[in-house]
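We call the chains A, B and C, going by the order they appear; numbering starts again at 1 in every chain.
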Amino acid sequence: MTALGMLSPAIVLSAVLNGLLMGAVYALVALGLTLIYGVLHIINFAHGALLTAAMFAALFAHRLLGLDPYVAALPLSISFFALGYALQRFVIGPASHGRDENYLLITLGLAVVIENALLYAFRADTRTITLPYAFDVLEAGSVFLPVPRVVAFAVVMLVALLLWLGMRFTDTGKAIRAVAKEKLGAELAGIDVAHIYAVTFGIGTGCLAIAACLLIPTYYVNPQAGNAFVLIAFTIVVLGGMGSVAGALIGGLGVGVVESLSGLYLGESLGQIGIFIILILVLLLRPSGLFGARA
Amino acid sequence: MSSATVIAAAVALLAAVPLLTASNVVLNFLIVTLMVALVGQGWNVLGGYGGQYSFGHSAFFGTGAFATAIMQVRYGINAWAAFCMGIAAGALLGAVIGALCFRSGLKGAYFALVTLAFAEVLRIIASVAPLTGAGVGTLIALDLRPEAFQFRSRLPFYWIMLGLVTLSLVIARLIEGARFGAWLIAVRENEDAARALGVDVTRIKLAAMIISAAIAAAGGCFYAQYFLFVDAGIAYGPWISVQALLAPIIGGAGTALGPLLGALVIKTLGELTKLVAGDAPGLDLVAFGSILIAVVAFAPRGIAGLLSASHDRLRLGSTLEPPATERADA
Amino acid sequence: MPEPLLRVEKVSKHFGGVVAVDRASFAIAAGHITALIGPNGAGKTTLFSIIAGFSPPSEGRIFYAGAEITGEPPHRLARRGIARTFQIVQPFAGLTVWDNIAIGSHLLRPARADALAAAAETAQLVGLGELVRRPAASLTLSALKRLELARALAIEPRLLLLDEVLAGLNPCEIHDMVPLIRDIRDRGVTIVLIEHVMQAVMSLADEVLVLAQGRIIAAGSPQAIASHPRVIEAYLGHGAAARLHAQQQSYDR
């Protein structure tokens, strides 16, 4: 294991910056998860499979329709919003009879179904797409930042801003916040809770679609792809606090940096372990996270 | 008809199979099904009776499998002894994970998440550690002698597996009838109420976890002996975590026969989908996932629940009270 | 009084900046029925939770049957003989009435048959004999309250803490519960009850403790408490005692 001093500052800086850029995408994935938890109070175990599905969708949007992922992001996010809405409204909500244990099992069941449907349809092969700008880099002093990651960072910040604005100023956003805070009261005030739950879930999956389009220029796609991201997203959500959007953002950036640095010093696989160990430790010691309300 | 009678009948039926057919295909199918039923029974003790849903039961299965394999391959320990050591290893891991989780008061989705994370950590470690053979896995040398827990025919494997499953059924039945079982169910239903009635919730959960892990590990140990090869994905992969959970839920969580019923259903369904879809992987799990959702939505007590509801004299559910015909007072 | 069964010494409970219980001190004599009353939010249930071990006190000590029990967990206290019911009923919803009570009976009876037999008797005692095989989830509130009571009795406590066991019951149901509570005391169980139903408090309690804003502001017989000015003020507000007294005097003229 190399000592900190043996690596040049430029390499470390590069790892940190790249970690931040990568962390933004993790944050977007985590954002959907934490929103769903904050409002529906369920941990969505299907999040990873849905991300994988979105990645396949982006892949085929490019292969079959020739759509550049950044262009496909808009129609895909809308269709995945609709998918998420339908899933919560017509499958998850009704099937769970409102009980927590059932949500666990149902979202797990969905994960199994989606992941294996993709496996059956597309086999386990890994696919990638090649884009002309995939390997372009931006020079920032002595550090090289891949263009797709810079674009991803910018898009995530934009999405986060739009979400924040939406939650603050639109009627639906206010309804979502009301339901998150006090479901019964919101119901009594006339808010259609089932609809809001579905909208929230839809926003979560919509975010996944955008994240998928941001990942696809530089990542491989196979039926397992989403899982890797999602355990990281779980870690972020637990660290940043279930239901805290700010926590998801800050946590995402932080985890990105940690992963990048530990990958630098420990190699790929062990870097992954670091993240899971953080997840386990946080769950054991402080499940409410650094920003979140008491679980 | 008490559940003890039904259990005996089921075991007798399974014991009769080799008398009716010599087909290796059938035997192999049943051996694997019984193995899933065993690991599922392990899950059932903690999840069905205790209400603590583990999403990473492969951690115990895999530890049993690797321990058995490694003890033989690297330390030359006798296969039967290695089998027992594998169970002990699984139980020990259960004690550690249980102590960590339950003393922290982890429940529900958080507990599920942590168990998932533990299984993943083990999988990653096993895929790089030299001890487990890293990416290549561990191979147990072919040594077709009974002393080495290897047999030329499948029949001895079948008897052993059936014996293990029967043992697990007996354990489940004993738990049901004992105070431990009543307290475990109380913990599942309402922890605070249980505490107020003198139940040491943390200790009960821990005990359930250890028993659960030991049974699941036994399944893993058997896997290692039957297939003679273990790697990180086989040992700690989601395939067994999911099936260990599916079998009891579909068959009836919190009943002794649930895991067996559920295992029969999902494995049969698996074979059927293979007939329909050929060898393309994934379709069987799509079916399993759909059934899980359907069961939770429409038949939360699983198959055992459906059977009990429609046949009043069939007592498959785990309630404490004596059957109506055996009541002392009117 | 002879050694009290329960002695609470300067017990306080802070939640962050909020003081829920403020240096409460009192003693409960064995065989008595003591009522703990006070306006909503006074800290009564918090006090119960502390005594029953669900919540450790921030300060103070608790003694039961001569031994210190401060900070002991609920299951340990249950084994010592302290039972409690919950303000919002907490049945084992997926089980029958019989099974619910049997889990309590099991504490002192490891054998299933013994526990079930004892549970059947306890069910009879509280009037649930006909309903033993019903799923707890299908019971009316009144039956659920009785179940709550039965389960607590099943562990054969010496001290029974009843948290608003009459809340939500109609006058008829209350009328039926009161003699049951008295009957339990007559069997040798010391009872402390949190209650808002004043008629029950008046007819059942040997002694009344009044809690307001976390502090015990009065203690005495039901009659003494009913006309205690500080108690009246706690419920009706500052100056109410004087107003009522003046009003009463105007009627007397």
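Here, contacts are C-beta pairs under 8 Å (C-beta built on N, C-alpha and C of every residue); 3 or more make two chains touch, one makes a residue touch a chain.
Treat the numbers as computed from the prediction; the structure is a model and nothing was measured.
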By C-alpha centres, the chain nearest the middle of everything shown is B
When the contacting C-beta pairs are counted for A-B and for B-C, which pair yields the higher total? A-B
Quick check: how many Å separate the C-alpha centres of subunit A and subunit C? 49
Chain-centre distance (mean CA atoms) for subunit A and subunit B, in whole Å, is 33
Could you work out how far the Cα centre of subunit B sits from that of subunit C, in whole Å? 44
Would you pull the subunit C residues touching subunit B in the complex into a rising list? 52-54, 73-75, 78-79, 83-84, 86, 90-96, 98-99, 102-104, 106-107, 110-113, 115-117, 120, 132-133, 151-152, 154-155
Residues of subunit B touching subunit A in the complex: 51, 53, 55, 100-101, 104, 106, 108-110, 112-114, 116-118, 120-121, 124-125, 127-128, 242, 245, 249, 277, 280-286, 288-290, 292-293, 296-297, 300
Which of the residues in subunit A end up touching subunit B in this complex? 42-43, 45, 91, 94-97, 100-106, 108-113, 115-121, 123-124, 223, 231, 234, 238, 269-270, 272-273, 276-277, 279-280, 283-285, 287, 295
Across the complex, what residues on subunit B touch subunit C? 177-179, 182-183, 185-186, 188-190, 192-201, 319-322, 324, 328-329
